[in-house]
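One structure is given below, encoded as structure tokens.
Order as written gives the chain letters A, B, C, D and E; numbering starts at 1 within each chain.
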Amino acid sequence: MLKINHLKVSYGGIKALNDISFEVPAGKIVTLIGANGAGKSTTLRSIIGLVKADSGEILYNDTNIVGLPTNKIVGEGIALVPEGRRTFPDMTVLENLKIGAYLRTDKTQIQEDIDWIYSIFPRLKERHWQQAGTLSGGEQQMLAVGRALMSRPKLMMMDEPSLGLAPIVVQEIFSIIRKINNDGVTILLIEQNANMALRTADFGYVLSTGHITMYGTGKELLENEEIKAAYLGKKKKM
Amino acid sequence: MKKFASLFVLVVVFAAMLTGFAYAADDEITIGVFEPVTGENGGGGFQEVLGVRYANEVYPTVEVGGKTFNIKLFEVDNKSDKTEAVTAAQNLVSQGVKAVVGSYGSGVSIAAGEIFAEAEIPAMGASCTNPQVTLGNDYYFRVAFLDPFQGTVMANYAFQNGAKTAAVITQLGDDYSSGLGSFFVTAFTKLAGEGSVVSQEQFQTNQTDFKAILTNVKAANPDVIFAPSSIATAPLIIKQARELGITAKIMGGDTWENVTIIENAGADAEGIVLSTFFDEADPATDEAKKFVPGFKEYLVKNNQPDVIPAVSALGYDAYLAILTAIKNADSVDSIAIRDALVTTEFNGVTGQISFDENGDAVKQLAVIKTVEDGAFKFLQTVTVTE
Amino acid sequence: MKKSTKTLFNIIAVSIILAMLIFLELNKRKYSYDISIIERSIIYAVAAVAMNLTNGFTGLFSLGQAGFMAIGAYTVAILTIPVEARAGVFYVTGMNEFLSKIELPFIPALLLGGFFAAVLAGLIGIPVLRLKSDYLAIATLGFSEIIRSIIASPQLNMITNGSYGLKKIPRFPSIFVPMILCSLCILIIVMLINSSYGRAFKAIREDETAAEAMGINLFRHKLTSFMISSFFTGIAGGLLASYMGTIDSGTFKITLTYDILLIMVLGGMGSVTGSILGSFLVTAGREWLRFFDQPLTLGSWQVPLFRTGFRMVVFSILLMIVVLFYSKGLMGSKEFSWEGLLGFFKNLFTRKQKLNGGVSNGK
Amino acid sequence: MENNVLKLEHCTMQFGGVVAVDDFSMEVNEHEIVALIGPNGAGKTTAFNFVTGVYEPTNGKVFFHNELMVANHPAGKMKKLYKGDPDQICEKVVRKTPDQITKMGIARTFQNIRLFKALTVFENVLIAKHMHAKSGLLKTAMHLNYKEEIKMRKEAMELLEMQNLAAYRNDIASSLPYGQQRHLEIARALATNPTLLLLDEPAAGMNPQETDELAAFIKKTKEDFNLTVFLIEHHMDLVMGISDRIYVLDFGKMIAHGLPADIQNNDRVIQAYLGVEENA
Amino acid sequence: MSLATFLQHCLTGISLGGAYALIAIGYTMVYGILRLINFAHGDLFMIAGYLMIFTLADFPWYIAIPIVLIGTVVIGIVIERLAYKPLRSAPRMSIMISAIGVSLLLQNLATYLFTALPRGYPEIPYLKRIYQFGPLSASFVTFLTPILTMALVFLMVMMINKTKIGMAMRAVSKDYETAEIMGIKINSVVSFTFAIGSLLAGIGSILYFTDRMSVNPFSGSLPGLKCFVAAVLGGIGSIPGAMIGGFILGIGETFLVALGFSTFSDAFTFILLIVMLLVKPTGLFGEKATEKV
């Protein structure tokens, strides 16, 4: 579904991505793991068109989307749940969801989708008149996911959805990710919580200072000693 | 785009350097025209420039020592701004002008006066009416009457026409308006007694809303309102006063004799009273009789309305004064021209002109005009002898 | 470049300038226009360098220049107008009894003008410097308008002569006076910038939080920078008063601030030599561009655009070009150096070569 | 009195209705390396900021070398919220601004590098010397403080040499590679002559190898400069490798503290932060 | 002061305040989205005045008014595209300087094209009809201005809170990037904001100049600055705030002049600003912005 070929990105002379290639097959969950500053977020941002790629291709359903403006890419069915949630704090929950459907014009369908989101996240329904800024971290994350789903994406990218959330909430989020995936949405996930991510994902890629250093199925990577050492901490000993 | 931009800059700079300076040839005398054509007084200044240009067209040469000199005008724009005025005046000095005509607006004339005096170049003010222009400056002369005179004229006129109380509105930071206003107050108080000026209001430069001031004036209920102000503000004051239902007679100074005021104030301008230097319907001298039709034609040629502004007439006279002085001095030396000016006497468009010890035109006569049917109409002449 | 060559270059440059000044001084009358442009440029340069201290080096966007210059100018004017001329100047209301007897020489009056400006800057800085940058901009802009309207107010007629302005301010006896004073001012600012305090200012510009973590008291340093800048702006105002000989409140409108701002931006924020260069270019440029205001005829064809006011249009377009395409200004945040100058010419040369190469390849 | 360098007592921070830090007390002893860990949003940075003066706690006290550095809302309605000994409440509000705190001897680095980007490496370090300068403004501006200036420059240069950054001295800070920028930031902090060094996620964005190097560097620096170190970090390798003691925050509450080995095996910590090892 | 005089002053103040409010809203909207003090806004208002003079010379008022409004909107958008868009990622100071540059350019261009001489503002039928209520006397526009202002503010608030584009504007003002990944075209939203701001400046221009009857190249600059202050007073970013700020300024200024302190009427604006910044830096209705370290 999504194929990245030799993507290179740099900001103001500093190379952020140095020739990376990977694939996201339709209907799967793929995760990119790596340290802070390895280029994970940059990858997602260049896919959605927020940063311009220096060279390389991003093939989405076999068409190159490099250089397209973000709103076109979103229109093509790619959504991003940004790092740190970034809900619109002054808007109500409902408004946040509606803005997720900004590019859509099918009013009745939108209303149905809102109901669908509420069914996935009943807590949001309870709070639909509350301003997003007053929600807890976990609820905001749910809202951010719901907001992204409102554009009816075929591919949903998530940037560190577990960031700063309590473990129980993290588990809830990941189970929701699986559920959404079961509903047919392809997911590209980047995570610091490599453990959780690799367990959820079908495939994983390891990104380190702008390069892909390893890839495999989630399970393979989980068992890789090197990865254990570098990204899973020394939990083995515990 | 960037390349184009740099190219543009280069071209502009070089073009500017290449043109710029031109020096007078042997048989030429340069006279500086020191006027605002931009800025607050740009409008009036331009009308004055037109008068000077026309005079130059009519009298392009002067004979000195049996030799015919072409008179060339060198115009600088003082932008109605004192800082700019200093540089502009220095520019005239550098150009080696023999004499200077200008400026509209007393402030810039005062600023430049010192520079002309230092350079020993005589300057002939046209419509700058503030006493400070010539006071203590041996090189500044003028063809216009002065504000104390004008203020007294207007006070006399008002009093003679039955006004017992008056309100005065002046502009802050403006020599002309503040000065004229205070001279009026002095004169009117003398005539009608203490407390006869019932309201004195000031407004800021660039202010366009006078309703608050006028509401106060209305509350004081004066017989006349004296509001010497620039062309820009006059119509606003007039219209807003009428809108507030003020029926008192509104009077102004010489700047008001400008068709733009009638254009802008429309029907409300009917009945305003102002003092001025010149009346095109009643040419006072032969020069004036010649001037009126000629200048009207010239105005039309320059896409201007064919009503002669008094400042154009003054500009014309200022040029004429310099010209006469050159003839009288029979010299193109600027100091000689200044010395000749002291005793110069001639018939200008605005009457017979000679200069007193301050360098001010000796004029006892002011023309009072009003607006009737959308045109300035001669009302009476007022003579004040002190 | 060797140090000795640099010194040689510097000596040559200074002597050329000196020779030029002496030449101008000797032919005062003929070159009075040029002299006045140079005087005005150098005075504006002081104001621009002072503005650069806050805006370029400390990162505070202050737009109060006109107000501070007004304070300096009025202080100098009130104190230096010869006592015997005062009755004539204050012809409407007369001068305040107490003030009318005080007459100071130019330099003490100038310093006092700077001092008053700095004190007022302190007063306004204390509340406003705690706020974000654009509020400072608006507050200082407003402040300078307040100063102006207070100066023009009839209530102060006895001190500032209200709307009538002040005249008969003693003018510079020779071009060397402003030249030396201005150079001195600029030198002091440059020395300050190159001192430990200057580095602290730059640190604040770069990153306030980090500067604070370096033990720099933000508020105190900002205030210091703002007050010193205002002091020199006041001095520039005082010099302007003497340059003009006549001042009134209208001289110190917002446009004056914008002029200084333009000079600073054109020269490059954070570059002292840039400000000086900018000042000469802007002041002289305005005069050069005067020909745009005259009707121009090429052969029999009257060039259509050339008429009154066109100069200022061209001028503002130039400003926009600088802002949009050379946002760093002429010098960026660099200072003038002989190497830089040589490099510039070298660059020009090599670029041309490239161009020529391109053409020959084309053939 | 104990020999602690830094002590937080019953610190609480409320933002609006959210309690970011709830009754947090901790101490850092002389010559220790202490780490504060916990999930993002757990209040680590907020707690850190009490010490650096960026935030004032809604309630609580901070001591530095047993000297009261921050004390807030000691009386009034906030009194009720104070969870320490009521007799200990002092009546005065004490707050130090970040610059005063730096002067007291606490230096810090930032989570996202905050160098003076357009200045040179040397200037970056030299600026830190400014606060110790004794000469007044006038003297400094007239360059009459040359002795002091020379001393400042010499000290800064020595520091750069010690940190192996001397080769970059005239480079613009932002042109350095990422790792060196972090390094410079620490060097700059050291230039303020601190006794306590606060590091805010120093290993952020570093790969495991670089992290190892950093760990060694922190240890060495601590010895060289006779420092006490307090840090926030996510990289468990680094934290476990160098810390003498660890505090763990979750939802603003301290859930554990102790030696690294204890923390690694603490159930609550594993629950809240380290992750549940279901099948490992 | 008699009651009639007092009421007359009130009328003047409210009418002036209404015109200020309309311009202030333009500032507040642009500032809310771009964090830019659009110094050229006041000059745009002046240009709109000139546009009306020229269109009304050739067309009846019901055609001229739409032409003027459309023209103003187009100029506003063009300014944004040419002078602000290229600098969107530049430091704040550069954009501010660019704005000052545009302001200078517009003033100089107007001086060049129309000369510094003030031009009479044409009378639009109905607006200038004078009504007498006992001792009070005022033209229709005096009454129309505050009413129209309030109606427009109501419409604006509705638009921002209830429509899709309004939602997009709020989103963009909070967070460019997140707005962008919602599929919002930032450039279109910014242009739209400028369009609305310019439209209000256009309407404000008609009301203001009808009341004051003449336009010169500098008639926009001071009202422009004052209206920015009004926007700050009300809390920048808040539309009702800008309206209230406008009215406070208009009424305050009028009464200051009425009481004989016209010298300080401009100073008043800025003293109010400084006092407000001291007491409540966020303005009457502004939101608190916390900076993250």
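By definition in this document, a residue touches a chain if its C-beta (ideal position, glycine included) is under 8 Å from a C-beta of that chain, and two chains touch if they have at least 3 such contacts.
Keep in mind that what you see is a predicted model, and the values were worked out from it rather than measured.
Participant: Report back the single chain whose CA centre is most distant from the CA centre of chain E.
Facilitator: Looking at centroid distances, D is the chain farthest away.
Participant: Of the other chains, whose C-alpha centre is the longest way from the centre of chain C?
Facilitator: Looking at centroid distances, A is the chain farthest away.
Participant: With centres defined as the mean C-alpha position, give me the chain B-chain D separation in Å.
Facilitator: That pair's centroid distance is 72 Å.
Participant: Rounded to a whole Å, what is the gap between the Cα centroids of chain A and chain C?
Facilitator: Between these chains, centre-to-centre, one finds 54 Å.
Participant: How many Å are there between the centre of chain D and the centre of chain E, using C-alpha atoms for each centre?
Facilitator: Those two chain centres are 48 Å apart.
Participant: List the centre-to-centre spacing of chain B and chain C in whole Å, with centres computed as mean CA coordinates.
Facilitator: From the centre of chain B to the centre of chain C is 33 Å.
Participant: What are the residues of chain D that contact at least two other chains?
Facilitator: Each of 54, 110 in chain D touches at least two other chains.
Participant: Got the chain B residues that touch at least 2 other chains?
Facilitator: 37-38, 42, 46, 172, 202, 204 - these are the residues of chain B that touch more than one other chain.
Participant: Of all residues in chain B, which touch chain C in the complex?
Facilitator: 1-2, 5-6, 8-9, 12-13, 15-17, 19-20, 37-38, 42, 46, 75-77, 81-83, 86-87, 90-96, 107, 110-111, 113-115, 118-119, 131-132, 135-136, 170-175, 177-179, 182, 202, 204-205
Participant: Which bits of chain E are touching chain C when the two form their complex?
Facilitator: Within the complex, chain E touches chain C at residues 35, 37, 82-83, 86-87, 90, 92-94, 96-98, 100-102, 104-105, 108-109, 111-113, 115-116, 221, 225, 228-229, 232, 263-267, 269-271, 273-274, 277-278, 281, 293.
Participant: Show which residues of chain E lie in contact with chain B when the two form their complex.
Facilitator: Counting only chain E, the residues touching chain B are 1-2, 4-5, 8-9, 12-13, 16, 111, 115-121, 123, 128, 130, 132, 137-139, 211-214, 216, 218-219, 221-222, 253-255, 257-258, 260, 262-263, 265-266.
Participant: Mind pulling up the chain D residues that touch chain C in the complex?
Facilitator: It is residues 52-54, 97-100, 102-103, 107-108, 110, 114-119, 123, 126-133, 135, 137, 140-143, 145, 149, 152, 188-189, 192 of chain D that touch chain C.
Participant: Taking the touch rule as given, give the residues of chain C at its contact with chain E in the complex, in rising order.
Facilitator: Contact set of chain C toward chain E: 55, 61, 124, 127-128, 131, 133-135, 137-139, 141-143, 145-146, 149-150, 152-155, 209, 254, 258, 261, 265, 269, 307-310, 312-313, 315-317, 319-320, 323-324, 327.
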